[in-house]
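Labels run A, B, C, D and E following the written order; every chain starts at residue 1.
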Amino acid sequence: MFYREAGQFKTTYAADSALFPILQDKIGIVLILFVAFILVPLTASDFAIDSILTPILVFSLAAIGLNLLTGYTGLLSLGTGGFMGVGAYACYKLATFFPGINIVVLIICSGFFAAAAGILFGLPSLRIKGFYLSVATLASQFFLSWCFIRIPWLYNYNVSASIEVPTRTLFGVPVTGPTATPATRYIVVLAIVSIMTWLASNLIRGRIGRTWMAVRDMDIAAELIGIKLYQTKLLAFAVSSFYCGVAGAMLVFLWLGNAESESFNINQSFLILFMVIIGGLGSLLGSFLGAALIWGLPIVLRTVPGFFNLSIKAATVEHITFMTLGALIILFLIAEPNGLARLWQIGKQKLRVWPFPY
Amino acid sequence: ASAETFIPLFTYRTGPFANSGTPIANGMHDYFSMLNARDGGIGGSKVAVEECETGYKNEKGVECYESVKGKHPAIITPYSTGITLALIPKAAVDHIPILSMAYGLSASAVGKDFPWIFNPPATYWDGLSIIFRYIGGKEGGLDKLKGKTIGYIFFDGGYGREPLPLLHQFAKDYGFNVKEYPVPPAQMQNQSSIWLSVRRDRPAYMIMWGWGAMNPTAVQEAAKTGYPMDHFIGIWWSGSEDDARPAGPAGKGYLSLNFNAVGANFPALQDIKKYVIDKGNSQTPKGQLGENFYNRGVLNAAVIAEGIRNAQKLTGKKDITGDEMRRGMESLKITAARWKEIGLGGFAAPMAVSCSDHNGHHSAYVQQWDGTKWVKVSDWIAPMKDKVEPLLDAAAADYVKKNQPWPKRTEACDKSS
Amino acid sequence: MRAPSGPEIAVGDVLLSVENVSLSFGGVKAVTDVSFDIRKGEIRAIIGPNGAGKTSMLNVINGFYHPQQGRITFKGKARGHMRPYDAAYGGIARTFQNVALFRGMTALDNVMTGRSLKMRRGFLWQLLRHGPALAEEVEHRHRVEEIIDFLKIQDIRRVPVGRLPYGLQKRVELGRALAMEPELLLLDEPMAGMNIEEKEDMSRFILDVNDYYGTTIALIEHDMGVVMDLSDRVVVLDHGIKIADGTPDDVKKDQAVIDAYLGVAH
Amino acid sequence: MHLLYQIFIDPFVQMGTAPDLFVQTLWEGLVTGVLYSLIALGFVLIFKASGVFNFAQGIMVVFAALALVGFYEHGVPAYLALGLTIVLMLILAFAVERLILRPLVNQAEIILFMATFGLTYFLIGFGELIFGGDPKVMISGALGLPSGSYQIKTLGGFVQMQKIDIAAAIIASLMVASLGIFFQKTRIGRALRAVADSHRAALSVGISLEQIWVIVWFAAGIVALATGIMWGARSNVSFALEIIALKALPVLILGGFTSIPGAIVGGIIIGLGEKIGEFYWGPLFGSGIEDWLAYVIALVFLLFRPQGLFGERIIERI
Amino acid sequence: MSAAEQTSTATAPATAERILSVNNIEVIYDRVILVLKGVSLDVPRGGIIALLGANGAGKTTTLKAISNLLHAERGDVTKGSIVFDGAEVHDLSPNELVRRGCIQVMEGRQCFGHLTIEENLLTGAFTRRDGGAAIRAHLDKVYAYFPKLAERRNSMAGYTSGGEQQMCAIGRALMSRPKMILLDEPSMGLAPQIVEEIFEIVKDLNGKEGVSFLLAEQNTYMALKVASHGYILENGRVVMDGAARALAENEDVKEFYLGIAEGRRKSFRDAKHYRRRKRWLA
């Protein structure tokens, strides 16, 4: 009853294809942005910002990147971690070469390097499909991981073989490095993620998004109606890797402050993939929900025993967290295989017809 | 608040490295529990221990850090080089000391650049130089290595790569060749081609910087290839019972460095048994007390306890802040007599840390696997400080340069107690 | 809808000719030495028993299969080896025997994909979705809405096609093909699985497309009523071989066709 | 020029001058390959029979091996422990079918893949909870598996073969042969392949998915146990073993997801390629190329045969 | 409205023994999409019943509800009951249902593309326990019904033409020795000759082997020719039912389902432009 599009007529096609055609949604998004940009930095604890919100945003961006490739274009990739790594190391090198340039610019630029890597490793997709394609991306994953440790130039020959983040400022406020407060870093991340999400939503609502989805749903038919498969697939690889690269750069520069080759290993790739699947393939909102669930749930589970003042051993808590997380993933899938985003839609649908069941 | 000192322990009892993480965690935990049970804490201040499970993952480690940093921890023990590296810049900002006992960033030994990080008793470079001293002793002089090949098998990550500069310098100094055998993380249990290469290259000695499942596999593969085990030496992280045991009798002769004693015959350990384990207040399984990594955990906890005592002495307060703990650590001095006093006589080499030297470059010894247990086969060997220190200074300078603007040390130094 | 490129061909002239085409898969001969032509403006039916090679013939025409032998001439130009999208750019559109819609997309988006090859705005504009990109999008949306109105599928615009009943899916598919503004439209069993009423509707659409837009149509269909009523000329294939070619009435009386295909008179 | 020499000439010279090492490399490659095949076999079984890409195969290996050693450590005689572990794997198969697969019937591959990831998490937590995280020594002696090695002096040197490796090769071949026959020749085998093709259609002809799934997961469980014993005997049994399971991916992809002989041939190609590549060409890149070599080998093969060596032809019709 | 009521009361097959009866079922997909709104029908033992209706009317859904394949599509029967061969079947698995003799041939062929034709047929015998010899004998019988299949027995089903796949699907169902086959759009996409053939076979099976059929069809003409009784489904409701003959005579049915107006078949060329159709309901 409250959530109705009835009565909201669109008079132009432009308005009809707007991002949030329904008034209630518009109000919702403004509220969310207000809370995220203003309220959270003012009120949330450092722990909440730095261990929950920032990582969720960073992973959401990576998940969006992967979702563009896997969810929208139907190309399964297990190389996300590697592409994130390319972004991170590229950003590190750029920061070394151009200490004067604004770090946010560099973070964005590093995406281009990831995109180039994405195109390179996406080439086999022209011939190989499905799970078979995943091996190409796996090859990239392992090869890139190997490069991150074997090419000392990438980490400026540090003996620790890791990259550390120098302190850089934006309008005089430090945004990277140890002196940057979690809230500042969070706001920068949030801004980048918001803008890039908006851009991604533009892409997928237009011609490019449609060709991607066409390729995903039935590539043969897509080709027969005049879509060039190789262009489409490579573009998807490029854009996807760009997003992952930026996410990787943010992971190091705006969150962890330090990284080594292991930060971008195969497990990272799987993690992002699971966020995408749990969130919902082919849904931007799902990328956020998935990241929130997969990253946030273990943290919540870990704090649960504390609430009840149960003194369970740290290891046992961890084991039970693992078991619960596993069980919850399965439960979620059974409840709604198409991901949290679909669950959300069904919820909206129910709201629309409320108080009637259908 | 009531007198209480908060000590978070970053541990990993899960994940692929749980085998090494668990006994260390047990040792640390039990020692503090023992102090609480026996003495009512340290200097009248009860120790509040809280474990945070990292699973040996950096992100989790940072998360643990964020979750404890608001609770005024006296000191943090990350127990992972990766996590230590991630925390080094943060520690200075939050004024929380970090103890990375013989791991982490070697350069953090330089107190003027890293006031908040402590890594006694020795750095990896010290460890490598000790190994060479030992080899030199066996060969009758390091110049005997001339023209020979030394193999270096290592975990292909920051940890395993760190000794490389010194190793190559040694190679230059003593005229031997180095063969590197990196083991990628995913290949830890799949080393057959590496050991084939060893068979081809016939190194006179094999030195290992391994961790987790890499160690037992290496020992087994070495035995399989017929490599002379008493020419195969691991760093102190490659010397747990679990590393050598799976090879069975064939693993006999395998050597490794150590800086804590093995065995349970120390009054403090017996107190742990009496006050903690026998009371059922411990997770330690039977037989683990006295094992190498368990004792390492005890040593770690003992050093912290001494640091706290020192800080209490300096400030005259029971409850100490991170700042005070840093001062306590920076003037830490545990003589052989003091070790004995706290029930750990001969457990470790005398240890001193100073404001400028956060490490101390202490001695270690070589132990050998006799098929069932570790046996000490050398004296305490001091590292080649002259070779290590310039490297350390250079590394610290390099770190500072690369991380500009790195804050200058502002913390004052106490006099050594 | 005008031809996108190439020489103008007058109504009644040969638009596409298939000469001695043979196609086989391993041992299976799908098409053997078949020749026929399609004239501009006509409705040309291809019929034949199941497995006769009709679909394969369409696949050859729009470049999805590459025949081992033979020549295809489209708009007076002989074609070499080409990819399916070349055919699409050349003005050949089609629908598929087993509905090949993009199942995860809405009906509207499906039809919009048909316009992809006409849209020009580059990546950066798409990213911003303002100015020229939006203008282009709206312009094409207008064309698509016309098609949607034409096919009377306004009310299912927003429904993911996977959830539509079969008949509507077929209609959306036709819409997608029409959105390409083709010169030659290949329809592979557009009326399979429909009842009479829906077949009548679909017939109407086909005739209208043919009449109003002058689109040439090649049609595969098993419903003889439809074929006889709609088509100008009919080719009959059997086991990959052409067994008859002519007006519906001629074909209907052809004994070979009755034996191979029609069975008892319908 | 020198580089070209190092790449194209030197390795072959080495093979010629030290033939014993070459033979030894081949043997190591073969054995590793066979062990990879064993892991891959577990994947293939489940994939073939249900179209599920079972991410949990790696953890099942660890779980089975830990259970075996765990039982033994609690005083159960070795063979009884083996029996108990097999029963445990059967229980696991039932549980997986009942709790995961049945509610998710007819879902997309990727969803089931994800579900097996949930299973992985669960088993990691569960396994560590009951067996603990510390590594265990495989009880190969108590199980009557041979230890020690044969040293054959030939070719101006020696070739050393571990007895356990020989046993592994034999066991793996037997398993593959029997499973291959099972799949191609029996009623159940045919049904398995039908299920892989389409859950929906299989249901409609009355194939009991429940039964099929329990059978394959049980079979995969046994394969996991065998894998766990063999790999465990090579180093030890710990959760790190799970990482090795990733190596099954290139094997699978090379051999084709649905082919049992493919798993074996793929495994051997990967094993040999990896060991030879690492041993002869690895030093050029500072060694350790094993990490990605397997994937690159698989990729190169795929570029020529997109469905893998033995994979079913990809049906492209419209 | 009135037409529906008249025919249904007049000719309900009340007397014959029922092999299947569906009572007032309601089906919901995805927990929110209501598709069947109370459908009832009966199939007498040994009968052929046609289920007619436009696209999306719910024919397939009805059949799936009976064979319990709905679960796999996230659909649920929320009301009503289905009784097959004297037993309520709601809780049975599809496998058990096949064992009891009720099998569905799904719309759109659904052969196992990677299995050969022969293997496809053999999977149909999965639930049988009467030994290899009997199965082989039965296989030959199926080949006798469908000689085309015998020719292509070793081809992968994925590569055979539409007609061959349809035959394969029916043949596969036969292999389970069903008492009743739920046949969904068997004529779709088939050449007229084959359609005739298939309906001949349906009649044959019904006559010689006593198999009952529930036939969902768009090809009303053929369906009413073989069936004894028909139901017309619209928008998830049965709007009319009656003896096949009676239905074929009904004026509305003639116009909308048979394309006959004023006593003769209309040409498709003369189809009026998008007329609003008259509906029994709505």
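What we mean here is this: a contact is a pair of C-beta atoms (placed from the backbone, for glycine too) under 8 Å apart; a residue touches a chain by one contact, two chains touch by 3 or more.
Predicted model only: the values in this text are computed from it and were never measured.
Path length between chain A and chain D in the touching-chain graph (shortest route): 1. In this structure, the chain pairs A-C and A-E differ in their number of contacting C-beta pairs, and the larger number is found at A-C.
Farthest from chain E in terms of Cα centroid separation is B. The centroid of the Cα atoms in chain C and the matching centroid in chain D are 48 Å apart. Averaged Cα coordinates give chain A a centre that lies 37 Å from the centre of chain B. Annotation: 74 Å between the Cα-based centres of chain B and chain C.
Residue positions 64, 96-98, 100 of chain C each touch two or more of the other chains. Touching two or more other chains at once are residues 33, 159 of chain E. Within chain D, residues 124, 128, 133, 246, 286, 288, 291, 318 each touch two or more of the remaining chains. Residues 67, 69, 71-73, 93-95, 97-99, 103-106, 110-115, 119-120, 122-127, 156, 158-159, 172-173, 176 of chain E are the ones that touch chain D when the two sit in their complex. Residues of chain D that touch chain A in their complex: 53, 99-100, 103-104, 107-111, 113-115, 117-126, 128-129, 133, 246, 249-250, 253, 257, 285-286, 288-289, 291-292, 295-296, 298-299, 302-303, 306-308, 311, 314, 316, 318. Only residues 12-14, 17, 199, 202-203, 205-208, 210-211, 213-214, 216-218, 220-228, 235, 282 of chain A touch chain C when the two sit together in their complex. Of all the residues in chain E, the ones that touch chain A in their complex are 28, 30-34. Of all the residues in chain A, the ones that touch chain D in their complex are 76, 124, 127-129, 131-132, 134-136, 138-139, 142-143, 145-146, 150, 220-221, 224, 266, 270, 274, 277-278, 281, 315-316, 318-330, 333-334, 337.
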